[in-house]
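Each of the two complexes below includes subunit A, the first together with subunit B, the second together with subunit C.
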Partner chain A sequence: MADKPIVGEKRAFMTGNEAVTWAALAAGAHIMYGYPITPQNEIMHYWTRMAPKYDRGFLQTEDELSAGFTCIGGVLAGKRAFTGTAGPGTILMQEPLSMAEMMRIPMVTVICQRGGPSTATVIYSQQETRLTCFGGNGEGYRLVYSTAGQQDLFDYTIKAFNVAWKYRFPTFILSDGYQSKMREPLTIYDPEERGIKMVETEPLLGGTGIPGVDRDPRHLRNTYNMEDELYQVVMDMDQEYKRIAPEVVEYKAMETEDAELVLVAHGIVSRATEGAVRVLREQGYRVGHFRPITLRPFPGEALKEAVAKARRVLVVESSMGQLAGMVKEELYDLSVPVTGYFRPGEGITAEEVVEQVRGR
Partner chain B sequence: MHNKSEVSHINGKDVPVVEAYVGEYAGGKSENAVNRALSLLERGRQVTLVDLDLVEPFYTLRPLKQKLEKTGLEVLTWQTDETIGLGEAGYPLRPDIRWALRRQHDIIIDSGYGVEGAKTLNLLEGASQHPYLQVLAVINISRPVTGTVENIIAYVQSLGRVTGLINNTHLGDETTVAVVQEGAKVVTGAAKKLGLPVVATSAVEDIGVRLGTADCMGNPVRKIKRYMPEAFW
Partner chain C sequence: MATLPQPPMPVVWRSETKPHKFCPGCGHPLVLKALGESIEELGIQDKTVFGCDIGCSLLAWDFFNLDTVQAHHGRVTPVIVGLHRANPRLVGIAYMGDGGGYAIGSQHLVNAATRNEKIMVLLVNNTLYAMTGGQMAPTTLPKQKTETSPYGREPETTGKPTLGPEMIRAIAPDSAYVARGTVSRLPQLKRFIKKGLENVVSGKGFAFIEALSLCPTNWRTNAEETWKFLEQDMHGYFPVGELAPEKGEE
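Right after this comes the complex of A and B.
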């Protein structure tokens, strides 16, 4: 058996899907469950190539429903387990993901967004934003990191395992087809050598000793009899989610102090909007940028601060207002108008954003 | 400018250049294939470039077809609008690709990635008996899977028939001469143990100029232009 997958730090050149795989290996993920779908496939391809070398497991299931449920099973057995999917697969996976929410299962899911609705394109979009954050028949008690490139994918995939096991909410890496397929350099590293300690996993079922005698019994439920019973469970979960939110939220604000216009974008689109801000600043425009890194929980307070002096907010996204909806909810009691530049299923360049801002 | 020794003659007779580029995903197969085809074309040779990537809906030669054909290169690939459900539905093999190796002039083949990609060469009629077919594995040591001598050896041995290696080590926009030279050392080390030649080190123009005609291991340098960023879809 080979030693650690990554020793020390190394500058490497790879696609986003490979970055996810290397991060999962470096984070000590024990097993991946999955079903093929573009543009997620190479996560599985690379994982299945590397897993035997490092004594990790893989199970290809018959569909995404099974991939999600078997992933839950892996976690119940105490495995640092993950899955990945895209598009129609993300839809199918909502049932196990809802179960994970209800039972507080720390599973990690990588979503590689493609065009929608339905099969649509295998290429790219940000149309799975709402589905990833709020899919299922619950309240969206999920932790969602929206990444913007290879370094992010590597860093946040490692982080996702720790956050999931620390807080026990299903955790997501929200990537997209562009990030999956594009190639750029990044630094890969062994988390331990950077002082990142992986949170220990433990079996959620089948622990040692007699329940109620040697240890507290653990009763994982996703079924309740009475309305009041369920109400209490959801309210407790809500309270816990709100309690941890300030510890979890992440964002990046750029040049917002004196900004008259604040651009808001997440994921890969933020690369274009940040680029646009740099160009526009050089041309004398007072433009700032706000990127929520966690979409769930959403960094609402930080956003309010970032737009405090703004006369306008422009949300830029490759979907028809899925992010804008979240932004508007956070800014509801402010008077600043929120408008959008929406390109569902299509990439957005810095030049386009510059054009949008200057054209107004 | 061009390395004459890269084109062979037998008994004074010009031998067609027939090369398939195989290797890792995002390892540089397509970029090297396109550049090789164009450099042969510049020497006045007749060249057909074959897109044998049946796997990958992204970053294939398809989006470059029209641009490349304006140079006089013949590119055998589907046009995007001739296809439906790329990456989702099956990808039929074009008849002109299936029979491409029957052509008498230079043929450059861009195969799909990995072991399965290398196997697709078998779909071409006459591939196993072709007298001139060279199978070149494109290696970038900045990719961990092919980052060391041992890993390269294991990887190349998994690909089936390979007749030579190409050192295509780079770090995208962060590439330096030192990065490429380190690649030359590691790839040459692996090639020696495999008993294979390093056919070339390839590098983008400005790095290539600084490398000179040969890298630090004496391998010929091919200067390449980047076409694939335009081929995302």
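Right after this comes the complex of A and C.
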């Protein structure tokens, strides 16, 4: 068996799916469960090539329902288990994810967004934002990191395993087909050498000792008989989610101090909006940029600060306002108008954003 | 208060959660008792994880002194598959009803069998969806009346009852153990369950056991009619016994 997948650190030129796989290996992920769907496939391709060398497991399931539920099983056995999917697969995955939400299962799911609704396209899109954050018949008790490139994918995949097991909420890497397929330079590293200690895992079922003799049996369920019983479960979860939110939220604000216009974008689109801010600043426009990195929990307070002096907010996204909806909810009690530049299922360039701003 | 003499129960029987939550006359507790005794006799209480499904099977979630998980409808199979894949030391049991196994979760059952997952699926067949109020299931007998076949099941439009073990035998490798037992022959059912567990404990292969069971609540039968329906109608359609592999594969 080979030693560590990555020793020290090194520069690499990789696709996003490759970066995710290396990160999962470096993070000590034990097993992946997956079902083929574009643009997620290469995570499985790389994983199945490398996993045997590092004594990691893999199961190709019969569908995404099974990929999600087997992943829950892997977590119950106490393993760092993950899965990945996209589009219609993300829809099916909501069923296991809602069980994971209810039972606080720290599974990690990589969502490689593709166009929708339905089968649609496989590259540009941010149309699974709402589904990833709020899918299922619950309240969205999930931790969602929206990445903006290969370095992010590597860094946050490692982080996802840690926050999942630390806080015990299902955790997501929200990427897209463009990040999955493009190559970029990045630095890959052994987390330990960066001072990142991986959070220990533990079996939730099948631990040591005879249940009922040496210890109480663990009886995990997601069904409740009484309304009051469920209410208490949900309220406890809500309280815990709100308690940890300040520790979890992440964002990036740029040139917002004096900004009259604040662009808001997440994921890969934020690369275009950041680029646009640089160009516009050179041309004398007082434009700033705000990028939520966590979409759940949402960095609402930081967003409010970022738009404090703004006369307008422009949300830019590759969907018809899924992020804008979240932004409006956060800014509801402010008078600043929230407008949008929406390109559902299409890529957005910095030039387009510059034009949008200058044309107004 | 004087305590009446109690029948001997397996050590995995969790007395804190008794009386159990099943209806009077239900077959589940009989199947679970046979399972509990098998686990005790094989001495695998410390490494067995019991998963139950949606439907009446979920009422077993706290039945045993075992680690347990209750899953969604039809999904206990993948949960137990995933658990066992991640920790093959564990003995995984997926416990479900006929709706969970043959309808909503059939793709999981079929694929777990073809992959020869080293887990045991124990499926309780009472010919209908009991927890939801007695709707037609894949196993409902021809002419049998249910809430969604109020004039009797019509095979022409709704198909014939699913023969689960026969299907699994046809698709699973020879090393899989497949049997159909009945709560009216408990020692035999227990023998099947034990052999199924031995098959997975030894790492030989998949195990699938269907247990023909009782549901007087939804059948709307008295004691006599209940046993008659099981022993005449159900036994007549669903052959009881082990299903040996066709000769020649191994």
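Note that the second predicted complex is superposed on the first by the 349 of 360 C-alpha atoms of A that agree within 3 Å, B and C clash if a C-alpha of one lies under 4 Å from a C-alpha of the other, contacts with A are read in each partner's own complex, and residues count from 1 in each chain.
Just so it is clear, a contact is a pair of C-beta atoms (placed from the backbone, for glycine too) under 8 Å apart; a residue touches a chain by one contact, two chains touch by 3 or more.
Predicted, not measured: the structure shown is a model, and the values here were computed from it.
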Is A:Gly57 in contact with subunit B, with subunit C, with both, or with neither (first, second, both, neither)? second
After superposition on the shared chain, which partner residues are touched by A:Arg218: those of subunit B (first), subunit C (second), both, or neither? second
Touching partner for A:Thr119 - first (subunit B), second (subunit C), both, neither: first
In this superposed model, does subunit C or subunit B come into contact with more residues of subunit A? C
Contacts for A:Thr15 in the overlay, against subunit B (first) and subunit C (second): which applies, first, second, both or neither? first
Just to be sure I read the superposition right, which of the two partners does A:Met226 touch: subunit B = first, subunit C = second, or both, or neither? neither
For A:Glu184, select first, second, both or neither according to whether it touches subunit B, subunit C, the two together, or no partner. first
Determine, under the contact definition given at the top, whether A:Ala77 touches first (subunit B), second (subunit C), both, or neither. second
Could you list, by residue number, the parts of subunit C that touch subunit A in their complex? 11-12, 14, 45-47, 49, 54, 58, 61-62, 64-72, 75, 78-87, 89-90, 107-108, 110-111
Hey, which residues of subunit A end up touching subunit C in the complex? 30-31, 33, 57, 59, 61-63, 65-66, 69-79, 81, 95-96, 99, 203, 205-213, 217-223
For subunit B, which residues count as touching subunit A in their complex? 25-26, 57-59, 85-88, 114, 140, 142-145, 147, 170-174, 232-233
Which stretch or stretches of subunit A touch subunit B in the complex? 6, 10-15, 18, 22, 38-39, 42, 45-46, 49-50, 119, 122-123, 177, 181-185, 188
